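Letters A, B, C and D name the chains as they come in the text, with residue numbers starting at 1 for each one.
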Amino acid sequence: MSATAELRRTVADLHRELTKYELVIWTAGNVSARVPGHDLMVIKPSGVSYDELGPDAMVVTDLYGNLVEGEFAPSSDTAAHAYVYRHMPDVNGVVHTHSPYATAWAARGEPIPCVLTMIADEFGGEIPVGPFALIGDDSIGQGIVETLRNSRSKAVLMRNHGPFTVGPTAKSAVKSAVMLEDVARTVHFALQLGKASAIDQQDVDRLYERYQNVYGQ
Amino acid sequence: MSATAELRRTVADLHRELTKYELVIWTAGNVSARVPGHDLMVIKPSGVSYDELGPDAMVVTDLYGNLVEGEFAPSSDTAAHAYVYRHMPDVNGVVHTHSPYATAWAARGEPIPCVLTMIADEFGGEIPVGPFALIGDDSIGQGIVETLRNSRSKAVLMRNHGPFTVGPTAKSAVKSAVMLEDVARTVHFALQLGKASAIDQQDVDRLYERYQNVYGQ
Amino acid sequence: MSATAELRRTVADLHRELTKYELVIWTAGNVSARVPGHDLMVIKPSGVSYDELGPDAMVVTDLYGNLVEGEFAPSSDTAAHAYVYRHMPDVNGVVHTHSPYATAWAARGEPIPCVLTMIADEFGGEIPVGPFALIGDDSIGQGIVETLRNSRSKAVLMRNHGPFTVGPTAKSAVKSAVMLEDVARTVHFALQLGKASAIDQQDVDRLYERYQNVYGQ
Amino acid sequence: MSATAELRRTVADLHRELTKYELVIWTAGNVSARVPGHDLMVIKPSGVSYDELGPDAMVVTDLYGNLVEGEFAPSSDTAAHAYVYRHMPDVNGVVHTHSPYATAWAARGEPIPCVLTMIADEFGGEIPVGPFALIGDDSIGQGIVETLRNSRSKAVLMRNHGPFTVGPTAKSAVKSAVMLEDVARTVHFALQLGKASAIDQQDVDRLYERYQNVYGQ
């Protein structure tokens, strides 16, 4: 199954971006990717150190979190990733971190207002808060899907917990996780010393449109 | 004594996690481990640079802090570590840092409220404050033990001083020190711009139960 | 065209300072340099990872942003850089980042007051705010030029967006971007816990005069 | 003159601690050391990148800042270092940085209160503020010496400028610069969310006494 072999490497490599941008500590946080054309996903194993996360350590599960390939137990967040893949067919990558600034907004249950062009570019408006949900069943996955269905945002701040991001590829979801923490931090700084005015909706729309269609190669 | 040889290496290596996660500066901070089956512990020497902390630099003392093996004087915090090992038989690792966010809570004498699932997972509730105590006798050790005996927490914030963490292994105590600083920072950020609601005790209990028993391999 | 070959390397290398000082994330941010004696500039390509930004990835455009050399599309901020070169003949380097503290001041639309000798040295007074401007035409470039024309500052905080810096060389503009973030951060910290008194204008003038003429080799 | 050859290396190496602990950016900040038995000092050259600061780049001046050995112009802060060596015979090392948290206290003109055991250990009480002084004559040196003469502290926060630290060796002064920034940061964090009680003077005295005489090897 060469598709999963290559995807295991991609997902393993993407975890390094999480540590590079200091979005995760110890073994917390995880990246997954849908296996194209299969009801399968590649995900990080549970509680394994980032230093040991080579392609061989990655696990493959079905979209109900049952182990299909791999020697380790899958991430304890597997059920949430699987739920997203089952209910959002355009999503092919999911990322979960406890990155500190985004998680601080989540702890207050406060959406990040769209006061920066970078937020309009990447998230198309304010970044929404999802419900408090316990780990162990589909609660977290449901909270993610319900929140993101009503938003252009690729990021959701799960209350008292931390952010999840989604994307058309795993790399895109990782990019959103990196940019989320960056804007969560900058807006935090801005509001510590005063107020920041929101960008007009019309301008938000133009920025989002342009960035999604013109930016990059 | 091959048990201490291997443990010296383990303890030396674990100090690198303290610098990696920026929990310590210069020569401050220390990790120790109980020698299994002996009334002995391995601990960092006093005032030695982290760059020079190989296995050979580690020292072995008895559980009253008297030097048994090693060429350096033991850490100035040795008495506190030793007191913990004498009074908490299930503890086999102790870590002390002055990590900045945790120490800020300690300077205010304010426990860290349980507003994040990660706090419930790892610490089982709010992270308590211990008394102000001078170095030089058993005061610090007593303060740690008395505070942790009444708590599920593996971390205590010693007032005007800094955090100590304990665990069933030295690695586990280091993990708690890393996670403590992470949550101390995130809750600090959260409260800078508003309030964060505490997680219900029942949910805290479920999260703690699950994380202690299900997470990892 | 050996002038652009060398300048491509210089500009590529300078991008590493942006990541070293954590002024940029992912593919955001860009450095450009005017090609001496030509109506041309060297600039970063759009949306290319910092790890892949060797000299060959750099692109050359004319001063209206039209591609002259290179295999990639130029930075989406090319129009702003080009406008600056057309209207400020002494400027030979331009840098744009979303460095977090400077961008926080930009989000509030608040100039950075001259309360540090380092601000007087490098920027000659308070660091001004430029207008909100959409990407896609000359609006951003106009905002930069109009703001900097009335100031000794080599940095402008574009509202709800982020900073641009200019200089007689690309290296000088990068230095200003680094120092801008440093002072934006320090003044942020200062004002979080009270007030900081501005340095007298006469002293600002002396510091600026000296630093511009005496400092360095 | 082998004494200066060895000292050039020591001083060059110590500059790496300034970048490692992120106390300096670009070419700002400097370390000097008195040449034992001579009215000379070794100091960083002005405006040279930290990457190029090998032993050969260091310069030797007399204690009035006149160049004695070396190919570069000495640091623009040379007069301040020289004044300290002329007036404080026990000081053999001086360090100047613009480390952000310490400089924030300096911008407010507010001493750092002794609310942490680490402050009592290293600085023996609150860390004092020195006067605002312009570069270019003995004003900065005088401000440092007058402030430190009335204090056990090895650090002074020069108003609107940044910290200077002194010590019996250059390494000791660098250690104080590192610890200063650490405690400036931790106390900043503590006071952001409430109050921290000062340690009793008697306990400060005991901690200082012990740390100066018992700690280390």
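Structural remarks
As a working rule, contacts are C-beta pairs under 8 Å (C-beta built on N, C-alpha and C of every residue); 3 or more make two chains touch, one makes a residue touch a chain.
These figures come from a predicted structure and were not determined experimentally.
Contact with subunit B and subunit D alike is made by no chain in this entry.
Under the contact definition stated at the top, no chain borders both subunit A and subunit B.
Relative orientation of subunit A and subunit C, expressed as the C-alpha superposition rotation angle, is 90° to the nearest 5.
Seen from the Cα centre of subunit C, the chain whose own Cα centre is farthest off is B. Shared numbers divided by all numbers used gives the overlap of an interface; between subunit C and subunit D this overlap falls below half, so the copies present different residues. One finds 31 Å separating the Cα centroids of subunit C and subunit D. Chain centres here are Cα means. That of subunit B falls 44 Å from that of subunit C. Counting partners per residue, subunit C has 192 as the residues that reach two or more other chains. Across the assembly, chains come into contact as A-B, A-C, B-D, C-D. On the side of subunit A, the complex with subunit C involves touching residues 21, 115-118, 175, 178-179, 182, 185-187, 189-190, 192-197, 199, 203, 206-207, 210, 214-217. Residues 25-28, 45-48, 72-73, 76, 98, 100-101, 103-105, 107-110, 132, 134-136, 160-162, 188, 191-192 of subunit C are the ones that touch subunit A when the two sit in their complex.
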